[in-house]
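Before I ask anything, here is the structure I am working with.
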Amino acid sequence: MNTFGHFLRVTTWGESHGRAVGCVIDGFPAGLEVDEEFIQREMERRRPGKKYTTQRKEVDRVEILSGVFEGLTTATPISMVVWNVDADSSAYESLKTVFRPGHADYTYWAKFGVRDWRGGGRASARETAARVAAGAMAKLLLRRYDVKVMGYAKEIAGVSCEVDDAEKAFERAERSPLRMPDERAEKEAEQRLKEAMSEGDSVGGVVEVVAKNVPAGLGEPVFGKLDAYLAYAVMGIPAVKGVEIGAGFEAARKRGSENNDPIVLKDGRIRFATNNAGGILGGISNGEDIVLRAAIKPTPSISKKQRTVDYEKMEEAEISVKGRHDPCIVPRAVPVVEAMVALVLADCMLMQGLIPRSLL
Amino acid sequence: MNTFGHFLRVTTWGESHGRAVGCVIDGFPAGLEVDEEFIQREMERRRPGKKYTTQRKEVDRVEILSGVFEGLTTATPISMVVWNVDADSSAYESLKTVFRPGHADYTYWAKFGVRDWRGGGRASARETAARVAAGAMAKLLLRRYDVKVMGYAKEIAGVSCEVDDAEKAFERAERSPLRMPDERAEKEAEQRLKEAMSEGDSVGGVVEVVAKNVPAGLGEPVFGKLDAYLAYAVMGIPAVKGVEIGAGFEAARKRGSENNDPIVLKDGRIRFATNNAGGILGGISNGEDIVLRAAIKPTPSISKKQRTVDYEKMEEAEISVKGRHDPCIVPRAVPVVEAMVALVLADCMLMQGLIPRSLL
Amino acid sequence: MNTFGHFLRVTTWGESHGRAVGCVIDGFPAGLEVDEEFIQREMERRRPGKKYTTQRKEVDRVEILSGVFEGLTTATPISMVVWNVDADSSAYESLKTVFRPGHADYTYWAKFGVRDWRGGGRASARETAARVAAGAMAKLLLRRYDVKVMGYAKEIAGVSCEVDDAEKAFERAERSPLRMPDERAEKEAEQRLKEAMSEGDSVGGVVEVVAKNVPAGLGEPVFGKLDAYLAYAVMGIPAVKGVEIGAGFEAARKRGSENNDPIVLKDGRIRFATNNAGGILGGISNGEDIVLRAAIKPTPSISKKQRTVDYEKMEEAEISVKGRHDPCIVPRAVPVVEAMVALVLADCMLMQGLIPRSLL
Amino acid sequence: MNTFGHFLRVTTWGESHGRAVGCVIDGFPAGLEVDEEFIQREMERRRPGKKYTTQRKEVDRVEILSGVFEGLTTATPISMVVWNVDADSSAYESLKTVFRPGHADYTYWAKFGVRDWRGGGRASARETAARVAAGAMAKLLLRRYDVKVMGYAKEIAGVSCEVDDAEKAFERAERSPLRMPDERAEKEAEQRLKEAMSEGDSVGGVVEVVAKNVPAGLGEPVFGKLDAYLAYAVMGIPAVKGVEIGAGFEAARKRGSENNDPIVLKDGRIRFATNNAGGILGGISNGEDIVLRAAIKPTPSISKKQRTVDYEKMEEAEISVKGRHDPCIVPRAVPVVEAMVALVLADCMLMQGLIPRSLL
């Protein structure tokens, strides 16, 4: 279950404080030129060590060990490694026998009877570095078909952004430390974030991802629907607690006549006048933008005191999680959600035969 | 992609106006006594022909064709059939060449170049009868392990119910035509629904499902997380546009200190003082109730006039969808969401070894 | 595990003496005209009730319950049912508590703790009726791409046929009660079969299947190789104990210089001068005929006395299996092996993009 | 399709002359002590650079990058890397545009339009180093349940060994340069091999693997039968052209009364008096030894002149494959077949619940 995808399959491996994290991409078509700089730029977007993020210093350089020959993919598995450089387990020594609230410490222990307590081990968000590397490959592939996947923080600490145009929002957000597309909202969110930080607390938010130029016909009813697949992909990202498509939960409050997107002809092609459906009808893409939002919970690692249990002594205890943590994971979650969406879309295009097995 | 599940796999088949719908359940353990009455009661909960639902008359009797011998499951595939009795395609004749807005008509046509236009064909919610039949088998299995899956309409037409206790809410909702647990909310929702109906319109809502006595340890990180699997299962139900777990989108507005569930000892066992996590941490169940909500869009079939395209003439057209439709699909969606949750939980318990291959 | 295939997936269900056997085909492309007569002819080739076969009378009429609309496939699941008409469990009553040697009686009991003792239940070769029905659909699809799958009994009771041309061999074999392409061998095999029958015994043989006009490029290294996939498909047929490709076990006795097929140009196309490889190199089809042989063990049901164990009394016992059994299953196994080969080839062509999702 | 297994899944990656080969093992239970020395000994058994093998010098040291913490497996993915040290592509430069007969050169090119021509790239038997590493982990797991997987060369160059006792045969073979258990046969085979070598030619043979103490109940009918799964696993090994179980192709020549294994009581337990079935009935293990044979073709790389095609000039050509090649791959294939058998058995034991998710 560390493998994602049907036709294009990504297997990730590695722990937060182990030697490395990495992935193997299988089913990638032959003949794509690998733009390593692009991959590195994607890694950079998720990388820690910036404002409002953990101060762990990781260069996150991706090494490709297989599957590429003379600059081209060969349709054989692409093995990518990101070495862990700045893992520091000392802060975790004292947490060895207590479960951090809001983390997977207890559940891993309950499931497997053993856990790597250093920095969350496998459950650490560090694993998502491998997803971003794989997602970068998917984006390179989609780029060739003019499909763009763009994300930003739609909301942080309860402050929501107005977004008219996803492309502009994306560009604006890329220059924002909170990855928010709306300056006014950003200011307010920043204020709330600082307040939380000053109290040793954290905040959450909502990531929105829009995919443009997605062809109609993607998705496999009745269980492998495009929206079901996206929900699976995105809900499996650490800290995500909700996923919605198009109008999402708001659709539940609308009338049918409001929510149904009128079908029209534009330039002789069948299109939709509105996009409450978020680009998906009956689990199949309809040619409009795919619009998806993910609810990101506040970072569970906080220095504020919390109640927990010490399982060696089997007694209640107090905990204050030190170490280097993101007070808000939302900005760094954006490229991860994008990566998963890109992987889903590339996989569906391959399944639908819209991307061939070989580009040559 | 008409198969759902890993260890416990359900394949559904059939079209709304074809001869039957049905399913094959594979991987079901040997030795379970099959309570056919229970299965039939579950079918009855989803069955059309009642107040505020389509008036199509279907007895929805399940026939078991294989996999059961002398009343016990044998671990071989269980084939179940529900014959279509009251399909009436006449209302659809006039819609043959126009796409119904909010339906899968356009996308099936775009994907496959052909579609069964009678009542939505495969994309019809009639397919969910097969899911409920399979889900009933999963519930029978879970019942043996004291796991209960209970759902109700949390919200209809924007009117939300107060719920303290899921078990009582479930019981109350079972006696409600809107399957709402809160009488006051029900009255108001009923009023809004009637208004919509009088205008040839429809409404949506939110289904909440709670699973009790779920053991800790279910779910397969990092991609096959329990919440990801549930999101996949539930987002794939027709009309669902959003899924959230525990505090869900509200979690995005909380502080870490509010959202983290304190870990405590109750009767010497590790438990959680609150349940914002909805019973899942790091993608693995933590022993608390699983709490999930699904946003259900308003029924797309409305008699109100809508804009669409006639694809034979390739020109814009108006459409008014006649036929027998649910003005609000939420009450009938409840057992479907429950069925998918039950299938996920049974599958995870099998994968985790908590349910053996043979109960004998 | 009652599902076969990756892209084109077949799920079979049903027991020998249950109500029916059937299958659900998922992933079948849209737009194929369904030739029901062809399907029925394929069923006829496997049907019991002929010379040298069990005298069980089954018309084996296939009913299609879904996935076909106005004569065309719609890319939705195709559900097919074959009702059991002439099941007679009385002969099995006395065998309820003894394991038949050479059968799956003991292993099903050991695995599941319960078994349907009537006619072998799920382990009966009757299940292969569903495979032949599904295989017929695959053949219809392949026919459109001029791919032909032809089988015959290469050997029965140790008597082997000379085969020069697979197409002629197939045609000759279709008129032979033993499905043997070589008259001289057939006479001798018939003699040996009659001898065995007169002693209440049975014989085995070898089925050879040749697939013509298979495009190069099918198969997925390194684990999903075409030969591995074929071996999986064919070894899973009841009574098969060995599978070989091309020169097979004989290749193990050759020199490299003899076994390597020289690569040549024929009419400007790259071809192979010989076909020891059986059309597969490195797990990928090379454009030559696929040649596969399966070893079929002698029918385990024999009236000759055998030693066994009565597991109720837990003591040794003697058994003489009465009932209506094939003294040699090889002729009826031929269409089953063909069906599995056809399913594999159709699946691989879909995966490789050589057959599109929609033929329209 | 570079992933093998259902519950225990192995993904291999890497090319012969790339930077490394490796694998990721997913689904491995928690709590197993990792005996790195054992893994290394297994690598040593497959390692090149010995008598009658290629003279490529590879230390084949396995590095474990994840999934192990404080010496114990953690149920998270185990990433293993074997760096390529002595790859020398110079001998392949001249073969860039010609297909080597008997190799996958043509088929990879036909399938993907591009190929890594250095040493066979992904199709090289070097990939099996990763399989042996993964297989070693499976063996460690099986060892805990007393299941032993032992292989040897049953036949080389047409010379067959007598084997009475698999355990003794295995031990004897481990000391033999040809990995043959029978000294007389070994001498003769060695003679024939030398003759072939002197003519720039190669020979093939048959590997036999026996698994002892395999519990009854493994295998998933009707498609995922244990024998089908083994056939899939073993036929997918480079150079394998045939697989048989128990009596295999010989069973096809026997009478039912000879081939059926009598069922008897030994020490109060149900057992089989003979083992023509090779430990598998109806696709499920019966508690007897699993016996499997694989036909290995002669090494296709020979210095003897062969006919081929130069695809740049698109004209016929002659080829003499220089470089460092095994004149007979059989001895080195033995641990690879064992590895695949071990992976299958461990996977089936996990699926059957005979190995738990955590050993703690």
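Here the chain labels run A, B, C and D in written order, and each chain numbers its own residues starting at 1.
Keep in mind that, in the parts below, a residue touches a chain if its C-beta (ideal position, glycine included) is under 8 Å from a C-beta of that chain, and two chains touch if they have at least 3 such contacts.
Here is each chain with its UniProt name: A, B, C, D = Chorismate synthase.
Note that the coordinates shown come from a computational prediction; the quantities given were computed from them, not determined experimentally.
For the pair chain B and chain C, chains touching both partners: A, D. For the interfaces A-D and C-D, the C-beta contact count is higher for C-D. Here the spacing of chain A and chain C, counted between their Cα centres, is 46 Å. Mean C-alpha positions place chain A and chain D at a centre distance of 39 Å.
Measuring from the averaged C-alpha position of chain C to that of chain D gives a distance of 27 Å.
Among all residues of chain C, those that touch two or more other chains are 1-3, 12, 76, 111, 122, 221, 352, 357. For chain D in complex with chain A, the touching residues are 1-3, 9, 11-15, 18-22, 24, 26-27, 30-31, 65-67, 69, 72, 74-79, 81, 111-116, 118, 121-122, 357-358, 360. Listed in rising order, the residues of chain A touching chain B in the complex are 1-4, 12, 99, 101-104, 106-108, 110-111, 122-123, 127, 155, 157-158, 196, 199, 201-206, 216-217, 219-225, 227-236, 238, 240-249, 251-265, 268, 270, 273, 277-278, 280-287, 295-302, 304, 306-309, 311, 314-316, 352.
Chain C makes touch with chain A in their complex at residues 7, 76, 221, 352-353, 356-357.
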